[in-house]
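As written, the chain order gives the labels A, B, C and D, with residue 1 at the start of each chain.
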């Protein structure tokens, strides 16, 4: 029991560290971005950042405990409406950590791409995505139209995740990146990899 | 009374923190930029940064107390001539904090825009501007011709603010951004949002 | 003996410092990059970073001791398969330190260059490369096709190094930079020089 | 006497601070850049940085005392051959501090400009240059061809400085910026202003 608690605490600290790293990089400006970690599988429970707070320093007790429908179980503040995307990703992929960033370059590539999919290939850095063994890998990054109707968006994301189970992340047009991992470290690495690839791809 | 003082002190510390954050970002280089906080409504009194000082560390006692005409009530140094824009914005909008940055990207978009208004739309980050609910919002950012005649400029700004009360900020061509908020935190968030949008828009 | 040990310890600390500097610059994102220092000439022994670890803080006991074939002599973790490039460079050039970075700009110039060689000339900063005396120097940077067959790549690198002994570094297309020096400080300076030159050249 | 010493010490600390700030900004990479402060007028004596050292931390006792011909009076290390440009600028302009940076954007604008002069106008930030009162000011920045013959270059610089006494700085093509001021703070502000203007101008 003490051990389980300690494992949870470790995850939470790793998440707070990852958020601080992301904020320092300028990837969550103006209170943007949402970040979560799964702390129970069945029933699904996540800790997620509050809506509208500065992400430079987020402490464990500023996180909200939510259930699989995105409702707050513990915590006084309002979660982001986008919390439903976090629970959707966790349910369909089994991810332990979900990170959502707003960056200059992910916004730019999402708006330049007129089709619904961005293809990234030929980069060694693709090997930083879980399971990818070669730079010849073709990473297909879905670009969804942005929407304020989050339940509708969550259904589209869910359908696409089931069709494309090897996906590592997706973009919302003019909005940002969602990526995840089976650990906080993996999700954080995926953020770094995708942001590197977007910045490079956009300026090739 | 002690409570009022403490509220004022809090605001001042928040302003000094915001200035330091802005300077670290490189958004107030070469002693550029002016920053103020309203500490009394009627009669209007603001604390404002001195002219010509480095903005990396600004302490509370380096701020000047000024009245609604931009004259110094307390403090030995010269305020910026642009202080009149701060008092104008405070009077017309009721803002509590006014922040003026000089950045590479706000200068670039202000000089590229040949018309008098920059339109920003389609960005999720627009929702970081107070009261904006959707990325389909059209934010109209006035671009005024730069001038060394600050009283004349202040009259133009005042007239435009009255015509367009939902404005969140404006640009001076080749010069920089003015934005504000009903708290220091809101004004600081507006700076982050606008700088993100300018950097993204300019490189789309 | 104590003196020899101390010299080795100094090198190792300099390497860890250099890695930290490189990571802070964003030049080894997402656990990317490999870094090594030679601690014995005959037989060749290098200390090299582990595969798949974050490079922001690397401590001396996280380095692996390897022999001239790239096999681990001391240490529990897996070295990068690219370790063979480190031993090849050390053997052919006599370098004491080899640094391999993954950056936005080295990736961009490596992918834009359709031929096999990038020519850099006319930059004062070329004089930061060991032995270069004038900005009119022509630095020829080989661009090898990227490959997951590291032994084959190492043979190509070895052959080219023997043909072009005054080389200071090379690029792998879509992958990154390898550079080196007769000391950790020299190799670190070469990274800074090359990254500056790539960033400048790409935006001329 | 104690007072004079103290004034000198202050200048030296301000110079070391300015160098550290410049290095942190990435404006003196790979041991690049030279920085000096005048500590005696007649006969002219300057303290100048050593050649080939990393500029992230420069302490007062790493500076070399040189005379008006650029010869070392005190200090064991080799000064940069470019020291002669520092003494030339000090003699002709009466500047107290001379700063020479190598940056991506000053290199880019120096190489794009085919003529011998870059004209900067229309920027509010021009007012950060000593004596400039309006954004309509036209700052003419000479662009000299780079050369390894420093005495010849110094003669050209000297002649141009006498012809154009209101100059605030000049560029060496493919090499970098020289700027100065009647105090360390003024010279440092000039670096910030010029680097801002070059970065903005190059991306307009």
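In the analysis below, contacts are C-beta pairs under 8 Å (C-beta built on N, C-alpha and C of every residue); 3 or more make two chains touch, one makes a residue touch a chain.
The structure presented is a predicted model; accordingly, all values stated were derived computationally and were not measured.
Undergrad: Common contacts of chain A and chain D?
TA: In this structure, the chains that contact chain D and also chain A are B, C.
Undergrad: Can you tell me which chain lies farthest from chain C, using the average of the Cα atoms as each chain's centre?
TA: For chain C, the chain whose C-alpha mean is farthest off is B.
Undergrad: Regarding the chain B and chain D pair, does the interface count as same (over half of residue numbers shared) or different (under half shared)?
TA: Answer different: the two copies use largely distinct residue numbers here.
Undergrad: Approximately how many whole Å separate the CA-defined centres of chain A and chain C?
TA: 33
Undergrad: Taking the mean of the CA coordinates per chain, how far is chain B from chain C in Å?
TA: Distance between chain centres: 46 Å.
Undergrad: Quick check: what residues of chain C touch more than one other chain, meaning two or more?
TA: none
Undergrad: Which chains are in touch, pair by pair?
TA: A-B, A-C, B-D, C-D
Undergrad: Sort out for me which residues of chain A touch chain B in the complex.
TA: Within the complex, chain A touches chain B at residues 29-32, 54, 102, 104, 107-108, 111-112, 146, 148, 172-176, 202.
Undergrad: In their complex, what parts of chain D are in touch with chain B?
TA: That would be residues 25, 122-125, 128, 133-135, 185, 189-190, 192-193, 195-196, 199-200, 203-204 of chain D.
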